[in-house]
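For reference, the structure I am asking about is given below.
Chain nomenclature is as follows: A, B, C and D, assigned in order of appearance, with residue numbering initiated at 1 for each chain independently.
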Amino acid sequence: MIRVSIVGASGYTAAELFRILSVHGEVELAGAYALRNAGRRVSEVHPNLKGIVDMVIEAADYDRIAGSSDVVFAAVPHKVPMTFVPRLLNSGVRVVDLSADYRFDDVSVYERYYTKHESPEVRGVYGLPEIYREKIRRANLVANPGCFPTAAVLSLAPLVKERLIDLDHIVVDAKTGTSGAGATPTEATHHPTIGASVRPYSVLSHRHAPEMDQELSKLAGRAVRVSFTPHLIPIVRGILSTAHVFLNRNLGREDLLEIYRKFYAGEPFVRILDVLPEVNFVLGSNYCDIGLAVDGEGRAAVIAAIDNLMKGASGQAVQNMNIMFGLDESEGLRGAPMRP
Amino acid sequence: MIRVSIVGASGYTAAELFRILSVHGEVELAGAYALRNAGRRVSEVHPNLKGIVDMVIEAADYDRIAGSSDVVFAAVPHKVPMTFVPRLLNSGVRVVDLSADYRFDDVSVYERYYTKHESPEVRGVYGLPEIYREKIRRANLVANPGCFPTAAVLSLAPLVKERLIDLDHIVVDAKTGTSGAGATPTEATHHPTIGASVRPYSVLSHRHAPEMDQELSKLAGRAVRVSFTPHLIPIVRGILSTAHVFLNRNLGREDLLEIYRKFYAGEPFVRILDVLPEVNFVLGSNYCDIGLAVDGEGRAAVIAAIDNLMKGASGQAVQNMNIMFGLDESEGLRGAPMRP
Amino acid sequence: MIRVSIVGASGYTAAELFRILSVHGEVELAGAYALRNAGRRVSEVHPNLKGIVDMVIEAADYDRIAGSSDVVFAAVPHKVPMTFVPRLLNSGVRVVDLSADYRFDDVSVYERYYTKHESPEVRGVYGLPEIYREKIRRANLVANPGCFPTAAVLSLAPLVKERLIDLDHIVVDAKTGTSGAGATPTEATHHPTIGASVRPYSVLSHRHAPEMDQELSKLAGRAVRVSFTPHLIPIVRGILSTAHVFLNRNLGREDLLEIYRKFYAGEPFVRILDVLPEVNFVLGSNYCDIGLAVDGEGRAAVIAAIDNLMKGASGQAVQNMNIMFGLDESEGLRGAPMRP
Amino acid sequence: MIRVSIVGASGYTAAELFRILSVHGEVELAGAYALRNAGRRVSEVHPNLKGIVDMVIEAADYDRIAGSSDVVFAAVPHKVPMTFVPRLLNSGVRVVDLSADYRFDDVSVYERYYTKHESPEVRGVYGLPEIYREKIRRANLVANPGCFPTAAVLSLAPLVKERLIDLDHIVVDAKTGTSGAGATPTEATHHPTIGASVRPYSVLSHRHAPEMDQELSKLAGRAVRVSFTPHLIPIVRGILSTAHVFLNRNLGREDLLEIYRKFYAGEPFVRILDVLPEVNFVLGSNYCDIGLAVDGEGRAAVIAAIDNLMKGASGQAVQNMNIMFGLDESEGLRGAPMRP
């Protein structure tokens, strides 16, 4: 059994990790750590887990974590992982970091959008298995992608890689549930504020945009910058990401679907649909559903749906762990999406 | 024109007062006061009011308020009004207090459920116009009822007054929107927590229960204690209050409806329905809609729907002000409910 | 492997059965049947199941079903199962019927609330494992309970059985998600109608009331009739059922919790909480969470939360099948609840 | 008093017209017409209007309508108005048509997207007051704009007219509430389907796109085609429309805001915001709120929020009527938006 510890046990991505790992046949939960809530049971903080994960949360002691864990999920906000990840790696513990700390090839990009980096010399593998599976297999540190980049990059990769679209006019318009904002109440996620509303935010300035740009640029072999805008909508879970693109050549819907089916052939968690994806096709699962439309005059829209806490965070993190440890990639992730 | 000031301009009940007063033909807004947000415009805090109420919010100066106002709405949490209401009354300013501070005939009840009272000698009139209209007319201080008591008392008054039900087994089960919890984000109203859930709270211990008991006891002429439990549900506005009662005598649905129609004959804001009320029959309006069912074996359910910010708070407050100043009781409150 | 067929493949309870069975290690899906949608794949009708259940739906042929199945889930509306269940039983196929057709000991009650019964001689075992586990083990026909009775009976059983409450004044006020109304669009479940509203329905006249009465009466050893009213609220899944009762003797909250813990000791799917249940403690799982409050003056409220499609329908149906076939009762049902 | 009749009294836009007109000081309601629901009271169909509009709905008799009305609102689906509007116009009755029947300058465009036109010789004035106020003043027939074009055209007009953006790469991504789909239940608006989901639809093929193209082309003085995709989200009311554009020249956010403020100076129902619009800034009102962001590298996003039943339909229809009859343009439309 692989010994797993979770740092940041109070948050939603941790709650989701506990949920997934409770049906994972190859791991044992070694420890749950958090500053806030130390001393409380996991199931007191996440009451859905009562009788399932009743372990007591402790304040993090990295020596002890290192001694008791084969792998650690860092489920804390950016800036925190870089304070302890190098230590864990040095102790031979492997890490899946759900924050942005190790996602960027170019540390200066990270520093422009986030904060000063304290361990710029440590490099992670970008944890998008559909693109980096082989590197993930050998990685000691996987930087789990952001939720929006996961949806956007998967929806655009085939078109960008083949340069089938105008790379200078890519628009990604995303709609996200409120759980993406985390467990701390804020005015933006206050139910009276958002429960019957829609809220655009970080318009053209979201920190996930440079992450998309990095990955799409590598796929294209040239610099790509998307025009990215997210919107908060009154659903709890789920992201629907619509990529609006302009085709370079005369391709019909079936042509494109065929390109996508080939690109993602054999992928356990990407489903190419004949219909248009909706958020509740994937809720609770690790799937990224992709569908598309064209208008016959060069415009296309590629739509991806994910559960932001699963393929957009904890599900993908476990998928990455499975790959790192040579397990069946779907272990712990076989639950079908919940609909209605 | 009646000069109106609002203390507590940052909150939702204030926002609703501004909304109502902006179409009220007999008042002018003299001042908007709040600690938090002093220096900002009302429309910065409540962006729906841009171009409608752009007045700058100021820190409260009660001498100035007294000099510039004919009436003050106290739209602040309990405990605060009692610190300034006596002063305003002494200056000849009339007050509608939306908090609980002056709702109780017996100060010891207030002190048991809330806090020590600092001006127990000051008495307000309980602002339920359907029962106390004449007293409100002459009142200098109106204690605007709580949202749950408004719905519960209106739904039960005819039965209790005529003693048509078993007064020892009255159950009130209420479902409320999240705006009732106010503008400050909390875990209970965090969208990921409540957006797809239902949350019972203050079960059998809510502070609005003694308020219901007080009013129903007066109507019955004997002590009445209801079994009251509210539930938070994922709607922004509205309360649906279901009173489960046991009839003393053999009365059919039509008999009861007739009793209600008579009891509320001529009331501008109580509608007795042939169908069962739903929350969106009343949204945005000052109506309390009442409907009912019986089972032919002595059980009855009386259901009331209100908009918690209107008849449950600010709408009723303006209705009270209209009565106090001899205006048409519906002035400012004529907008029809919004549905869908 | 147990061969399972599902009749009524188009509906929501079938979708949920497919979802559960897709991770059940002891069954194989033998067939999916429905009139509507015959010829389409399960995953075309339930797009969440793409790549998981792609079997083609067929029109029901009961001879073939009998020959190919060890157990059949009847996931069709009442009145339909009684037309084919006797035939299946005669062929030696065991049946879990999710409709009301075989829930009543007294057929005349069924006929009063539903319709004329065509096979009144056939008897099912009421499929509430916490009460009838031994009978279920030996049953060929299990009548899966209604969603509201599941929550209400589990929340009341300990009190009723021990006669700790006034059996003549039991009020059950339930709040349900819209998925309970089924997959066919209606005005009641039209999003503009219910999306920001609350709708009481079948007040004091719901067909699940006599089912509660039957089970509670058997537990009490005397006739019990509850005052039951459900409310439709804008959540997709989940039921929160609040039982308002009056205690016979002086019992505190801890006394009652202890009674509940003992009554349900060892039950895999009933959790007695120290806190009050909320719908999202159980979503996607087969748990029934129970919590309670008392007021020190004889009033108590016992609150139960279930996922209406799981413990309220398909989850309980699989639990029953597991018991009938001597499997681990939790097989297929181990997924933790999803929260947020 | 202007005598107003409403054809299509069963629908949501009619419900909203009744709501608006009930506080309009210059009109009297002459008649309410509908096939479905003839014989029922308006308030039976729209229970929010009980005691406000209790008039009986009748089957349409156009001679009688013509004799009793100064203006008729056609609140029926496209294809129906063209069967009766010419007759009303010939009788000297003025018409505001909320359908698409008379929105297109080029009938062949209408026929490509809708159906064969039966009165192609009749011409309406496109009812966007911010652009066509003078023509509306003199019009006998106003074609009230679609909800999406209202938001999109208002958000893009200043940029398109001044050709400040790349006219070949305009993307409009809209999020709409479910009330836009009308009062008839469908699978798309079934609460279990959409209540926790997002649904893209008519991707790159919505019938409102040619309407946007027509109006933007006229503003630009050249052919413009937008890439338009709407998404259904789980709110009842409101549209948030995000226009993603590429600037032609180096303009900052303040430059653009200044252009918008000038373009819409004096407009009673367009508010240019310093912040980003959210749906609940405008709910229940006739405002179109516009805000924007730029990224300093040529990308901009212009966001507009409207209430789809107000500025997107019935509110704008009354605004048009007010202009046609020389009334204060805001009459009946002064209610402030409802937030929270």
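Here is the rule we use: a residue touches a chain if its C-beta (ideal position, glycine included) is under 8 Å from a C-beta of that chain, and two chains touch if they have at least 3 such contacts.
Please read these numbers as outputs of a predicted model, since none were measured by experiment.
Undergrad: Identify the chains adjacent to both subunit A and subunit D in the sense defined at the top.
TA: Correct list: B, C.
Undergrad: Could you let me know which interface, A-C or A-B, is made of more C-beta pairs in contact?
TA: Most C-beta pairs in contact, of the two: A-C.
Undergrad: Could you tell me which chain lies farthest from subunit C when each chain's centre is the average position of its Cα atoms?
TA: Taking each chain's C-alpha mean as its centre, the farthest from subunit C is D.
Undergrad: CA centre of subunit B versus CA centre of subunit C: separation in Å?
TA: Distance between chain centres: 39 Å.
Undergrad: What whole-Å value do you get for the distance between subunit A and subunit C if each is reduced to the mean of its CA atoms?
TA: Centre separation, subunit A to subunit C: 35 Å.
Undergrad: State, to the nearest whole Å, the distance from the C-alpha centre of subunit A to the C-alpha centre of subunit B.
TA: That gives a centre separation of 45 Å.
Undergrad: Where does subunit A touch two or more other chains at once, residue-wise?
TA: Correct list: 12, 179, 183, 192, 195-196, 234-237, 278, 280, 283, 340.
Undergrad: Which positions of subunit C touch subunit B when the two form their complex?
TA: So the residues of subunit C in touch with subunit B come to 166, 169, 171, 173, 175, 192-193, 195-201, 203-205, 225, 227, 229, 231, 233-238, 240, 242, 244, 246, 276-280, 283, 293-295, 297, 299-301, 303, 305, 340.
Undergrad: Considering only the defined contacts, which subunit A positions touch subunit C in the complex?
TA: 12, 15, 18-19, 22-23, 46-53, 179, 183, 196, 236-237, 271, 273, 275, 278, 280-285, 289, 309, 334-340
Undergrad: Inside the complex, what are the residues of subunit D that reach subunit C?
TA: Going through subunit D, the ones touching subunit C are 12, 177-179, 181, 183, 185-187, 189-192, 194-196, 234-236.
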